[in-house]
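To keep things simple, chains are lettered A, B, C, D and E as they appear, and every chain counts its residues starting from 1.
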Amino acid sequence: MMEQISQLVETLKTGTGLWNPLIWIVAIVIAFLIVYIIRSFGNKDYKKGTEQTKAFLSGNPEYEKEKMHIKSSNIYWGFLESLKWAYNALDKMHTGNVSDYVLWFVVIMGVFFIIMGVL
Amino acid sequence: MSIEELFNFLLDHSPALIVAIPLLGAFLTPLVGKINDKVRNAFAILVVAFTSFLVFLLANDILTNNTIRTYVFGAENAGSPIVRILFEVDGFSAYMAIIASILAIAGVIYAWSHMKEHTGQDKFYTLVLLMIAGMFGMILTGDMFNFFVFLEITSIAACALIAFYTNKGKAVDAGFKYIVISSIGALFILFAIGILYSQYNALNMAVIADSITFSFLDKIALVLLISGLAMKAGIVPMHMWLPDAYGRAPASVTVILIGATQASLYGLFRMVFSVYGNVFSSIDVTKDTVINTINSVNSVGWMLIILAILTMLIGALMALKQSNLKRLIAFAALAEVGYMLLGVGVRLASKVSQDITIAGETTTQVAFQGYSATALTGSVFHIMNDALDIGLLFLVAGAIYLVTKETSLNKLGGLARNMKYTTVFFLIGLFAVSGMPPMNGFASKLMIYQSTFQLNPIIAIVAILCSILLLAVFVKVFHSAFLGPKLPSLKDVKEAPKSLLIAMGIIACIIIFIGLFPNLFVENIVTPAANAIMDSAKYITAVI
Amino acid sequence: MSGMSRIVKTMASITFPLTMIYGLYIIAHGHLTSGGGFQGGAVVASSCALILVAYGSVWTMGKIKEKSLSVFESLGAIGFIGLAFFGLIFGANYFFNNFLLKQDIIPFFNAVGTGASNINTAGIIPLMNFAVGLKVIVGLFTIVLVMAYATTKLKGEK
Amino acid sequence: MSIRNIVALAFFGVVALFLIFGALMTHPFGEFDEDNTPEMDQYIIDNTQSETGADNGVTAVVFDYRGFDTLGEATVLFTAVAGVIILFRRLKK
Amino acid sequence: MLFNLPYIAVVALILIGLAAVIFKRNLIKIVIGITLIESGVNLFLITLAYRGGSTAPIYTATTTEETIMSLPVPHALTLTSIVIGVAVLALMLTLVVHIYRHYGTLDARKIGREEE
């Protein structure tokens, strides 16, 4: 019985590294404790129902909730815009055409044939 | 007969029964369906549960004793020459069977509520059971042509199930693409089987592996096998059928479809490491094929590495762009397949031969680098993690579609306020699929990173980058679907039905268990499987 | 697909029994002469398809529904896999065991062929031929019938 | 003649070249010399009557030696019938 | 060399089918191409069965000791692969019918593009 328990908490060794989730969990709990202590320091001069709790959008009025929800196609807009060249190529690649699918199969087959035949 | 004898009987015949019982259930389903719906659903769940019980019985025996079981159909022993079909179950087959059984039972339980308001449920359950039987047959068989037959069973059943929503044009189109792709791939695999048969007059994998000489025809057969199975497994750039099929199929089917794709990947592993084991995994310098083929082995390994990097990058980048939830998860699944292929590529690329001089005489020595075993173990481990994580995410997506009838992420929002359990399950899947500690995805990805880093640091960096991209993708999904205010169109959504929650809960519990105790899992289940796939001589001598 | 002219219907109804008998002969002698369950089943299914073409799919669907056909097909498949399962119980306890051969408890199909054609041989192979034959007949005919009926409805819609 | 067709023709030619080479390297049609004697098939031809009792060697292979393939084959037909029926089903209850 | 003509025919059939799948736009023609590939593979399998001057592997009253019989296993494989081909063909045609219902066309380039 005891060795099963010990086997549960053993460390996974990956040749050069190791990984043990239980130690990680303990570490993360300690980190959260520290964060909570630091947070409790700033907690004294916090008053409910005053200006502090309102959202401050640099003076602009606050929208109502439905307007503030960001649609998923707007997220990472900058990333997609900066990688437009890659995405154009990928979109050109993904034609929904069955013949192109089979053509890619033939291309890969040819590449493997060349590798195998040459070497 | 006593319970002990019964267990021994079941264990002895389990390789046949694991395939035969789902088949019998599928043949019986149209008759049982005449009674009523609940009895039929319970019957299907019972059949799959009994099959999973047999799978765990068999896997327990094989993985603990580290043996290989063979089962001959229709005779006591295989005889010589081997004319009969025989199943050969080693550690890797048992490992894949465990994955397939978990996915199958989750999918069948999930389908109870998910398929409620659809017609033609008799045929639906028939096809699901046939697909499960084909999956197990592909995994357990030791005969090339039998592998092809079960591949076709899986493909045809999966195609009919992908096109289940016949009132949607895209679903039918995805089904057509899938059947075209899979039939062409299967036909080329059959062509390769014919080439091998014409040379060695044998259809048994072990016999062919024993007598293989890496001649020109063998090279052609190997190319046909690798390309066909890679297309079935959805490797870039032959992946385009995969998002269509995964995205358009019912969620309960998609989970089992993941298992079918993994079975094709299993076929790739088996063909490369067992059937061509004399070339790829053997280090016995007395065989001249081992020494002469180092270059082609390394080049195939680098080719697989390039394909794996492409798979990861394109999967992650395309997933970032999608706004259809199931299609997005399908691209993420594609990226996950790349990690498994990376391990195989690293293993093959690290095979070296050097001449060492001891006391004057020079001897040639062929060996794999030390890290390659870690790479293959990590990729074998990642097969199970990927199946569980992606399966859980697809189940969540199906639950969202069931309660909201929406697939576009732009029309979703604030679901966390109404669907608490589903949100928790999605969070678990998110952390797991993007390799965040302490979930299971992190352990396997860590093994792959570290072994790949020793081969070439840039590859490891790219792999880590793709993992980060996956995290970004699913954070976007979590924000836009679950967080935010209640949308007026989704005011009155309910929590998902019970059977969906049960199915998701099963997979989530397994994910957390593997994540918390990775070493236990790796030592007792993954390492025997990886050793079995790496040792081709044992696979051959188990039959001959 | 509506029915064809009277001549075609008459000729089809004359040819139907002959083709069916020929197919059943091929099924029954599968273990002695060339042929077997699949080939004979295909012949019989083609004769049924001939009737379908001659009389039209609507008439045929009125005669026989695909639900009953699928029940028959399930019966054929269950017979086939059931024979395989019987091998677990009788004989040497192996799946797909040819348990009828070389035993005297069940006195039919248990002889061993000796060159001359002898119908009473080959163990469970004739029974499997019959099961597969039933399965193939019903299966192919169901495919043709369902596709013909559905496409007929399609023409009706437009 | 688009760029796609040119690429397609190129790789198509590569595949064709290798397959034709393979076809020329296969053992001559219908000739079996010493180094490739068909042991498995010869064993079946010799023992089909004594082991399975069937005069027809092909039926012996289909239903006895490789009977499990035949089960899978029947299952494929069953699957196709189920698929055709489920795809042409009525969508309303 | 001349005696490899059947294998050349097999390769030709497979390549014709592959070309039909790649270069044709009509879905029906793609299906025909797949059946061509399949018939090529079947021809390859049944070609492997032949031995010089051999008869069918069936024992009849006229069988003697010196009768050469062709190999029985490729016959069985071809039978299985033919039945599988029939099943795949039925399913593909069913899906083509549905695609025509939804899109009103059979041009492979006009259908199946994922917009979102």
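In this section, contacts are C-beta pairs under 8 Å (C-beta built on N, C-alpha and C of every residue); 3 or more make two chains touch, one makes a residue touch a chain.
Every value quoted in this text rests on a predicted model; they were computed, and no experiment measured them.
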Give me the set of chains touching chain B intersected with the set touching chain C.
D, E
Could you find the chain whose CA centre sits the greatest distance from that of chain B?
C
From the centre of chain A, which other chain's Cα mean sits the farthest off?
C
Comparing A-B against C-E, which pair counts more contacting C-beta pairs?
A-B
Taking the mean of all protein CA atoms as the centre, name the chain whose own CA mean is closest to it.
B
Based only on mean CA positions, could you tell me how far chain B sits from chain E in angstrom?
28
Chain C and chain D have mean C-alpha positions lying a whole-number Å distance apart equal to 22
Rounded to the nearest Å, the gap separating the Cα centres of chain A and chain E is 47
Among all residues of chain E, those touching at least two other chains are 14, 18, 21-23, 27, 30, 56, 58-60, 73, 77, 79-80, 83-84, 86-88, 90-91, 94-95, 98, 111-112, 114
Per-residue multi-chain contacts in chain B, two or more chains
23, 27, 73-74, 145, 149, 152, 156, 159-160, 163, 166, 173, 176-177, 180, 184, 198, 220, 223, 244, 323
Multi-chain contact sites of chain C, meaning residues that touch two or more partners:
33-34, 38, 70, 77, 81, 84, 96, 98, 113, 115, 117, 140, 143, 147, 150
Identify every two-chain combination in which the chains touch.
A-B, A-D, A-E, B-C, B-D, B-E, C-D, C-E, D-E
The residues of chain C that touch chain D in their complex are 30-34, 36, 38, 66, 70, 73, 77, 80-81, 84, 96, 98, 101-102, 111-115, 117, 121-125, 128-129, 132, 135-136, 139-140, 142-143, 146-147, 149-150
Over in the complex, which chain A residues touch chain D? Could you list them?
100, 103, 106-107, 109-111, 113-114, 117
Under the touch definition given earlier, write down the residues of chain D that touch chain A in their complex.
4, 7-8, 10-12, 14-15, 18
Please give the residue numbers of chain B that touch chain D in the complex, ascending.
23, 26-27, 73-74, 81-85, 117, 119-120, 123-124, 126-127, 130, 133-134, 137, 145-146, 149-150, 152-153, 156-157, 159-160, 163-164, 166-167, 195, 198-202, 216-217, 220, 223
Spell out the part of chain D that touches chain E in their complex, as residue ranges.
5, 8, 12, 15-16, 19-20, 22-24, 26, 28-32, 38, 40-41, 44-45, 48-49, 55-58, 60-62, 65-66, 69-70, 72-73, 76-77, 79-80, 83-84, 87-88
